[in-house]
Amino acid sequence: MAGNTFGTIFCVSTFGESHGEAVGCIIDGCPAGLLLSVNDICVELDRRKPGGGGASTTRQEADKPEILSGVFEGKTLGTPITIVVRNQNQRSGDYSEIKNLYRPGHADWPWDVKSGFRDYRGGGRSSARETAGRVAAGAVAKVFLKTFGIRIHAWTQAVAGIEAPEWGDASFDFDEIEKNSLRVPHKETAENIMIKVDEARKQGDSLGGILSCRVEGLPPGLGMPVFAKLDALLAGAILSIGACKGIEFGAGFDAGKMSGSRNNDAILPGAGSSRWEMPENVPDASFQKNDAGGVLGGISTGAPLEFRAAFKPIPSISMPQNTINKQGDVRIIEVKGRHDVCVCPRAVPVVEAMTALVLADLVLLSRGDRV
Amino acid sequence: MAGNTFGTIFCVSTFGESHGEAVGCIIDGCPAGLLLSVNDICVELDRRKPGGGGASTTRQEADKPEILSGVFEGKTLGTPITIVVRNQNQRSGDYSEIKNLYRPGHADWPWDVKSGFRDYRGGGRSSARETAGRVAAGAVAKVFLKTFGIRIHAWTQAVAGIEAPEWGDASFDFDEIEKNSLRVPHKETAENIMIKVDEARKQGDSLGGILSCRVEGLPPGLGMPVFAKLDALLAGAILSIGACKGIEFGAGFDAGKMSGSRNNDAILPGAGSSRWEMPENVPDASFQKNDAGGVLGGISTGAPLEFRAAFKPIPSISMPQNTINKQGDVRIIEVKGRHDVCVCPRAVPVVEAMTALVLADLVLLSRGDRV
Amino acid sequence: MAGNTFGTIFCVSTFGESHGEAVGCIIDGCPAGLLLSVNDICVELDRRKPGGGGASTTRQEADKPEILSGVFEGKTLGTPITIVVRNQNQRSGDYSEIKNLYRPGHADWPWDVKSGFRDYRGGGRSSARETAGRVAAGAVAKVFLKTFGIRIHAWTQAVAGIEAPEWGDASFDFDEIEKNSLRVPHKETAENIMIKVDEARKQGDSLGGILSCRVEGLPPGLGMPVFAKLDALLAGAILSIGACKGIEFGAGFDAGKMSGSRNNDAILPGAGSSRWEMPENVPDASFQKNDAGGVLGGISTGAPLEFRAAFKPIPSISMPQNTINKQGDVRIIEVKGRHDVCVCPRAVPVVEAMTALVLADLVLLSRGDRV
Amino acid sequence: MAGNTFGTIFCVSTFGESHGEAVGCIIDGCPAGLLLSVNDICVELDRRKPGGGGASTTRQEADKPEILSGVFEGKTLGTPITIVVRNQNQRSGDYSEIKNLYRPGHADWPWDVKSGFRDYRGGGRSSARETAGRVAAGAVAKVFLKTFGIRIHAWTQAVAGIEAPEWGDASFDFDEIEKNSLRVPHKETAENIMIKVDEARKQGDSLGGILSCRVEGLPPGLGMPVFAKLDALLAGAILSIGACKGIEFGAGFDAGKMSGSRNNDAILPGAGSSRWEMPENVPDASFQKNDAGGVLGGISTGAPLEFRAAFKPIPSISMPQNTINKQGDVRIIEVKGRHDVCVCPRAVPVVEAMTALVLADLVLLSRGDRV
């Protein structure tokens, strides 16, 4: 397993440093015959773009993907799909002063230890810019999953401890998510969080948060026990996003406080509405509640897949911090530049993309489940 | 990627159903020349064995591993190491009545959907019994890691909401961990939890909990961005354990409530005590605190690796639950048999084993980091 | 990729040294619901067993496979299938004298350089004994392929330059193959070769040969360009057999002497008899001849797959040879023991097994070819 | 394993159709700190370019590679190296008439069966154009291998049955290889072959041939038994080249005619000149001759690695051939366009590139051989 390659059949490699020529991806294993246009990718890359005055960086990014291979006459060929996004407007000068200083909370120093040197311009491969390749690949996975009726939605659940209503709460407002720059599913919560965000920006500080993700239309039976369980693959996928520090499925950490009689989801007869072929002699089922988060023993249950992921505050802050330089001397660093205050809204399409990559691979792997 | 195979260079496949002939593993890629005895494996399997009256099942398991290949004259050959543990004392009769009922909280129904049928005896491949193969493989990985001074320790941090002191607290008692049957690092907390455990057992119920894991002696530079980050691989590894529902590194979900100035770990000059070769021109470093949990940008920092994992209550409870049978009819199920009340103490060696597998692989992969 | 693991979905790991406890395999990825008995495996292992006085070793091997996991009530579970074959009757004393001498033509010295030491008893992991695990796994693959009507047959085409008639020749006698101990498809050729074999045995020498393999019932469309082409995977699979030194498909090396007008196989309308689902709008086709050997651009054509593989003489000969000892001193070695004269007849089931592993994997991978 | 990805640590994905936007590769796993310039890649791509009047196509290809990522300040970063080569001057009109006809000897029909449709313009992904990505990746592998003194050379050994002297023959002329357009190591043989080539061109026919490859400076100990043997990996790599139909190592198919006493290479004390670290207590060795072709038991011996590969005649010929159209009707096809007569000279850098990819991966994998 090479570190920049993900998946078994629907196999994605991403590439690119933040201030190199380009970022992008190759998708090796997308089935032939899928209708795909460059616009499908633009839509997702645009969602990753910084908003207009919200929690995100004010840098202008015009991400125009180019499909170099794998699509012919509007359909995938079954050959590798290569998508390239050129880097623009990097203003490398912003970063020249940190060439010799290790930024706290960043991978600068571990990367130097690992590789002997690094691309110091804006984080290089460790920059959030890297996720553009993931989002482009995830866009293709989403198109594939849509043909099965599988829909993935993530949103900002909380920032700096201010929590939005949860899915299922009366005040949860799905349509609000893409309306506010924080991607919070509740207008007032979004406004309250924005006050915190503005304060942090003025202080040169940043804020952490929690994302929720929900997948509907997922058939039961996806996931490959024991190591490629659905939740195991998702955990690996989501934790591979730069600032992510934790994940929980369904009741998650709260399940650690529960009794079995409280946590187990009772089984009921199913609605029989599945679009997927069920094996003979196996009845359809449904669940009284969904503390499992849609996964049991690493296999999808047909209930909605639900998880939450914790994102740390963006480590690039302009407040003074202690660090060392390349010579090992003690120094004070103030990280300048146009940085996001909270990664959450821009992490939403990235979480969706990684989820899509896992699911597209499992949908294809599941074709080998039975004789 | 086949679902029962884990790792790239230090590559492990596990096998076995709970009531089949045997469980075990093949380790393909362990370097040659490692001193290894069957006792190294027994020690870890014994830690996985049910204790005498604690939170765990009272079934008698005498797990005697046999090494079938890969070791010659007390040293690894560099060829596949095969370890087999025969299943004994299964009392299959205990399980015959649930052949036609889907147990809530278990993988019974999703597995039937996936495969068309299943080994219904005690969970089959989804049984916790499966982890014996992981623990055997992890024992070999631990022996390998020990040659580099890398030490892995897990313990029960909380059960049913009752929390033990954290590492670093004055009352944290490392030596206590292996003394009580719950593997809690504090005697009084262990006693309080045991009261809860006894109550649950009487009611035929079960309890969830939280495990902590800490790795010391880990060199900086391990982890392969972007998808094979240290924390991403660990998240995938730990979430692949049956009852695990969440993981967090360092400050974890709390980082989602923090500001960057609070969360960032300031960098200090290092003690220069690393046993590993550092690249030229890169200074040694250390960190003022460790909210990062020992990993930045997916690469180890040299600070202790720290994570917590949430385990749901064991779903096998004898209290009545609603479910359906193979014909899809509504039924009441009471799961009989000798089941653990809380998975935590027996999950400790499993968490350590999976951590060891990830680290052994990354230690070997890191040999390709630099020209 | 670990060196002892083969395949992507139908993924096989083999293990075992010739004089260790056992040899065997894990098959991770065999679909659920396949009817499988231990007898299916015995049949193939018996074909690998030395015959009674032919070209093969006279050692008595009673290979009794045990299935440790993955099969329940006569059907595969979709979980790892583990097969163990105990080693018996090793007479280790035969090998003690070569502990300190490097045998020419064997991997003794390269293995010592690689690993620092080796299991010197009978070749250890490099022994032909290792192929028992492959044959066991291949037996399962064959059962899987048989459900699609795919049939694999190999035979001894030539030994020491004495060639048997080729498939399609009037004198080619398919039924003869399993009747003579050399597996030659022509009685008189077999007798002529046996004279040569007996001569070589008396001189303490050995003989090389050529195997042919033919697969019928293979559907068109198998193979994953560009690196996992059908012929590329087969070449890697067959060359991984210890004594194999070459492979050619269809016209093979003769194609290097041909013109395109001679080598190209003209395309004709197909018989429409394929058991496989063809994509809409693609006509059935057949080929006027089969110089391609059933593969074009790495994809199966539906014509019989045909290849030939060259096997060197078994390097264990009792004639004196120059070598060095572990101290680097010049020595004469005469390799004692009961060794085969020609590997070909016993390589037949191994070639079939490796072919089956490649095809089983490609059949499963092809399920992801189209949306 | 996705079909367009090759290798474990030094892991390469290639992409691109012949008449799409571009071809190229990602190298994921090249160690950090390697000096690399775009010129290193241009040199190899130029060798793949059609010559001036020789056996190759007269199309003008100006392949200008662009490095999009992974290189910073002239050194590899340890991150994915992405190389893109734009397609130019395609004259798509040449191919429009074969849109509905299946060309004999090409993958047109199998590809349609596999994927349901194909890029019919010039072979799409099955075109020899695809190898530009391999050559670019191989150029990087060559630079890496050169730092260890490993040198790879291939040449045209024979065309249409006319054979050049072999390495070691007095008349073998190494310097001649890159001087004639056929890459034949003997001036007169090259001239004789060119007469045949000109004849074939006039007739609208094509010619097959044999390539030889020789690697010097390879240390002993490379290769991962049992499935990732050096020769197994090379066989898979070389057979993945479009027109390749066979491979043999050392004595190859002739070994099938030999006795063991003739074929075994006697072992002698080594010269002790190895640049690689040998394990303690293992003596250096050399071999009296090299019928093994530099590999025993799948592990390199330190002797030169030697193999030969058979290439079929290019299937695109303008002579009339029988085929069918997309409706399944019988048709006559005459393939127009500027096609090479013999693939051999342009296959030389491709064979070298694939060999380099295998060796770079094994050099890195071997770092995990011993504790």
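Every chain is named by a letter (A, B, C and D) in the order it is written, and numbering of its residues begins at 1.
Quick note on the criterion: a residue touches a chain if its C-beta (ideal position, glycine included) is under 8 Å from a C-beta of that chain, and two chains touch if they have at least 3 such contacts.
On a predicted model such as this, the values are computed, not experimentally measured, just so you know.
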{"item": "Between B-C and C-D, the pair with more C-beta contacts", "value": "C-D"}
{"item": "Most widely separated chain from subunit B, with each centre as the mean of CA atoms", "value": "D"}
{"item": "Distance between the centres, which are taken as Cα means, of subunit D and subunit C, whole angstrom", "value": "25"}
{"item": "Gap in Å, rounded to a whole number, between the CA centres of subunit C and subunit A", "value": "45"}
{"item": "Subunit B-subunit C separation of Cα centroids, rounded to whole Å", "value": "39"}
{"item": "Residue numbers of subunit C (touch at least two other chains)", "value": "1-5, 8-9, 14, 29, 32-33, 78-79, 114-117, 125, 225, 369-370"}
{"item": "Complex contacts: residues of subunit D adjacent to subunit A", "value": "1-5, 7-9, 11, 13-17, 20-24, 26, 28-29, 32-33, 66-70, 72, 75, 77-82, 84, 114-119, 124-125"}
{"item": "Residues of subunit C that touch subunit A when the two form their complex", "value": "8-10, 29, 31-34, 76, 78-79, 144, 147, 225, 364-365, 367-371"}
{"item": "In the complex, subunit A residues that touch subunit B", "value": "1-6, 8, 14, 102, 104-107, 109-117, 125-126, 130, 158-161, 200, 203, 205-210, 220-229, 231-240, 242, 245-270, 278-285, 288, 292-293, 296-302, 310-317, 319, 321-330, 366, 369-370"}
